[in-house]
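One structure coming up, written as structure tokens, with questions to follow.
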Amino acid sequence: MINVGIVGGTGYTGVELLRILSQHPEVNIQAITSRSEAGMDVTQLFTSLRGHIDLKFSDPAESKLDKCDLIFFATPNGIAMQQASALLRAGIKVIDLAADFRIKNVTEWEKWYGMSHASPELVAEAVYGLPEINRDKVKDARLIANPGCYPTAVQLGFLPLIEAGIVDTDRLIADVKSGVSGAGRKAEVHTLFAESSDNFKAYGVPGHRHLPEIRQGLSTIAGKSIGLTFVPHLTPMIRGIHATLYAKILKDVDLQALYEKRYANEPFVDILPVGSHPETRSVRGSNLCRIAVHRPQNGDIVVVLSVTDNLVKGAAGQAVQNMNLMFGFPETLGIRHAPLLP
Amino acid sequence: MINVGIVGGTGYTGVELLRILSQHPEVNIQAITSRSEAGMDVTQLFTSLRGHIDLKFSDPAESKLDKCDLIFFATPNGIAMQQASALLRAGIKVIDLAADFRIKNVTEWEKWYGMSHASPELVAEAVYGLPEINRDKVKDARLIANPGCYPTAVQLGFLPLIEAGIVDTDRLIADVKSGVSGAGRKAEVHTLFAESSDNFKAYGVPGHRHLPEIRQGLSTIAGKSIGLTFVPHLTPMIRGIHATLYAKILKDVDLQALYEKRYANEPFVDILPVGSHPETRSVRGSNLCRIAVHRPQNGDIVVVLSVTDNLVKGAAGQAVQNMNLMFGFPETLGIRHAPLLP
Amino acid sequence: MINVGIVGGTGYTGVELLRILSQHPEVNIQAITSRSEAGMDVTQLFTSLRGHIDLKFSDPAESKLDKCDLIFFATPNGIAMQQASALLRAGIKVIDLAADFRIKNVTEWEKWYGMSHASPELVAEAVYGLPEINRDKVKDARLIANPGCYPTAVQLGFLPLIEAGIVDTDRLIADVKSGVSGAGRKAEVHTLFAESSDNFKAYGVPGHRHLPEIRQGLSTIAGKSIGLTFVPHLTPMIRGIHATLYAKILKDVDLQALYEKRYANEPFVDILPVGSHPETRSVRGSNLCRIAVHRPQNGDIVVVLSVTDNLVKGAAGQAVQNMNLMFGFPETLGIRHAPLLP
Amino acid sequence: MINVGIVGGTGYTGVELLRILSQHPEVNIQAITSRSEAGMDVTQLFTSLRGHIDLKFSDPAESKLDKCDLIFFATPNGIAMQQASALLRAGIKVIDLAADFRIKNVTEWEKWYGMSHASPELVAEAVYGLPEINRDKVKDARLIANPGCYPTAVQLGFLPLIEAGIVDTDRLIADVKSGVSGAGRKAEVHTLFAESSDNFKAYGVPGHRHLPEIRQGLSTIAGKSIGLTFVPHLTPMIRGIHATLYAKILKDVDLQALYEKRYANEPFVDILPVGSHPETRSVRGSNLCRIAVHRPQNGDIVVVLSVTDNLVKGAAGQAVQNMNLMFGFPETLGIRHAPLLP
């Protein structure tokens, strides 16, 4: 049993962490902080958790986070980098669900995120928490950079192709669609129901912050710099990421076998049978990534379809998966929920 | 550990039973039958369950249902009444999620359901499986008539008022809204996405099959015949029932205290604080019924708001709650899922 | 041809006015003001209008509204009451789509709207712009209080019953459901897609600003004070109001004939055949109100179903209908759009 | 004024034709046929059209289609090819909204559509009704093959690039998303609200019938055979197509200028300013195609975003545009509706 704290728990990754952790057999939620809602019952904000959690939001200053074994940052970008250092010095592990430690090149990070990095010295140490790639490093980590939602779905989809060295990595294309919860629980006009329902649009085509993160991950796998066109879209659903990935095949291999073999021992990656089309709802509320691989008309373009729940495998679920690894629990403990369908 | 079978598992109550039972610690799913899909992997139809269940649909004739301790009927109306008798004789308990055993007056049933009843002698024996009213009878039952989705939300909402005898029961009004999954997984034009999305309508105002069921339940509570206007509506969401109930108050009591006291020991009924408005999403995927009670402008009309997930507390979850009671398991075993929000 | 101005055109009633007026054969849109967006092309904010309108938002101070024959206020509550007086003195007519002039009792208005009224002397003069009740007064009006969305659907639904004096007006019940656009184009958490999609809830049960407006309207029709329980709900669709109305019948009449006769000459009220259930989508984008009247099981409760598009008959369309009447144009000119279905 | 008939008017293209034609100043709708609904008022099926149309569905055999100047086929594939010949001989023009005459290579057509072609001799004569490419031919045509919904959005998006010869046409990629109305008004499980709401999926990746149609169109433009990967997706909205198109740039040109110039005189194609992301709702209910062109990070991949309303520019609206051209009416007559937003 470990004690955990959540910093900044009023957003969607926060409530999702609470949903998962409140049912995790090895976790005691010690504190959840929110400057704006300090003193309020968590269940007043998130009625869904009545009966599952009995905790008030607390002011960060008075939260006794130092009694915790692990702190999750479910904050906006730029917060964890200010507090991680002190926590680590106190022997407390940290998982940042925001982007502060995801990009190794600090200059690149500062360009995309528009701020100076407060603890560049920790960036090198931080482990990028995609267990399917970095499982062993995660086990030994003190500080985890939990991957973004788009990067998780895209990297898991491209991974076997790039590891096998069978596609042209100069012109990868990732056409990705996200549910609206990916934009967070901030009051903004463009994510209002009356704006984003019954509507579909691309956004960020000139450049999106997840582009450098994906590019870094795929380049690491490839062992060289890759080229990627990344187009995110907003689709009128609450949860779900659907990545449609395109690459030019350079070498003939059995794609289905390649994917099945690569992920044979992965508890959270499911390769669907030949000819399948994964649906986002088939992973709703679960930590799964389901993937299908196609080669239309037997041409030289491979099409990979990869779906996740952006709040689970794309955020809170993956964070708990990392936690399990860091503390020696079974990797799937507390995150084996069956998807909710319909 | 008990062995259970599911007859007719290709609809939404079927997949929801599978989701819940596959994670229930005391249940082994022995067989799931479907004439039309016999031989097909369950996960081919319901991809969401890949990794959670490993079973094929079987032909009812070859399903060895006689090896089961309990059979759930997740069939259309009119099937369970033909098979229950033989199962009961073989010592197997039965929970019917359809309507075959819900109405005690067989003539009334035949009028509303448009068929002759195949085993009227079992109707008297069947226990109406609303644990909040019939808990003790459920424990001893061989045959459960699992309540309808609308009737569950409406009866739990009106119950304290009628038991207390403080409202005019001659003109109760139940204005109820359901998600589209309530119409089942049948291919029909009016429940197509392009027909029922971005749309709202009432239906069945002249008469709906849940009217006699609710009327019977409330009359039993009242100890006399009650009068009810019941208007169901279709609302563009997948899951959820929202009942808005109106009654004229005859006697002044503390309504909030009345509700809190009545449900103080009920694990699945949650009375919200004064002034609340329950949302259907606050119970999504859970077996909870959340209720708020209002007396607008301190007038003589009480307004009760009652929400459930129609597939859980309104169907499969309540069936498992009944199963737990029948077999002496803790009542909440395997149905304590936290709601999925957002 | 008249010149019109729109004050505050960045919300949904603003863009809907633009959609309708840009296609109206007798209207020249002279100016549309917005303090925050002054100088921006209207089509930059509302891409849908590219090719239909060529206008910039202008600062109210520089908008030459005095060149207009008519000003529409599509502003938040509390703006029109500050500016109407000067405009009227300059001979310019005014239609306020907000609530400033809807409630005749200024004290009551101030209680519900939480501010002092800036021009109480105009309240008496203002004509409540529901043409089906006040057509002749509208024709002669200088200042129109355009009805709220809920009040339009509810009053048109109850009107024939109350005029005929055949229902108990002490305990009318209006259970009303609105699409999310009714909440406006303000950035707020509870109307985010991820909050209000796949969800249903009541709100404002203790009291909603449209309650006194409806009560005033129905009391005027009844010639005495009526009693009303009004429960609004938020439903996950963009446009549409569905009012489900309940009243106790005191006298036996042919309800269908009553409704058909009352609205026989109304171009925008459509009484559906016996047994119908109007859908909100059947009026989407149109100025129609469709109504069905039921008497379930031939009991003593009448159920009326009334649907409108909250942005058209519930706001901008009704405003243009009033404009047509005020300026002697055919009442239906420019607002005969066929509904968009599916 | 011309007399038109509609064969098969009970689907979404049928009701959309009715919506548009009932408001068209030069059209008299003479007959609308439906074998299954013969004798029923059109407005009984499509309540939205009450007050806008007064017509019954008629049996094809008794419909006096020979009194018409033009027949629209809004039928499933395989009907128009059986009846077009006799109509043309009688001097009646024909617009087929289905696929019977779209593919010039009859063998190819028969492979994709799984039936023998009943009038291959007409295939050569039929004009592919994309006015932006074939305007002059459309004017003189007797028989129009109205383009598919996906093909319209994709071809208009790629057209300027291919005409200009500046992209690699061997590996074009079209990642396209459609609203659910594109699947038609057929009762099918996968398009039920509870299946396709809050969900996103690709389908038809191994091959979709619109692939050969798009390939033929783009090859004709290119003057040589092109290579295309086409991935359609189902997105939870009613109307709308969003095509995201990718091509490798071979020659440096001002892409924005290229697009603006190509479509400068096209009334229904709107090139958005640099940096824009068109939304499907910005064309809802209108005959417009809005396009934005991007070159992310100034690399060698061009990304084109192209949106249409699948039922208007992708079906009924384009059919009326073709009708206008065939009969010498102004091209935009009756199809200048402003989009419905929100």
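Going by the order they are written in, the chains are A, B, C and D; count residues from 1 in each one.
Methods note: a residue touches a chain if its C-beta (ideal position, glycine included) is under 8 Å from a C-beta of that chain, and two chains touch if they have at least 3 such contacts.
Everything quoted here is computed from the prediction, not taken from an experiment.
Between C-D and A-D, more contacting C-beta pairs join the chains of A-D.
Placing every chain at the mean of its C-alpha atoms, the farthest one from chain D is found to be B.
Chain C and chain D have Cα centroids separated by 36 Å. Taking each chain's centre as the mean of its C-alpha atoms, chain A lies 39 Å from chain D.
Residues of chain C found to touch two or more other chains are 12, 179, 181, 185, 194-195, 197-198, 236-239, 278-279, 281, 284, 342.
Contact residues of chain A toward chain B in the complex are 12, 15, 19, 22-23, 46-52, 181, 185, 197-198, 238-239, 270, 272, 276, 278-279, 281-286, 288, 290, 311, 336-342. Of all residues in chain A, those touching chain D in their complex are 171, 173, 175, 177, 179, 194-195, 197-203, 205-207, 227, 229-231, 233, 235-240, 242, 244, 246, 248, 275, 277-281, 284, 294, 296-297, 299-301, 303, 305, 307, 342. Residues 12, 179-181, 183, 185-189, 191-198, 236-238 of chain B are the ones touching chain D in the complex.
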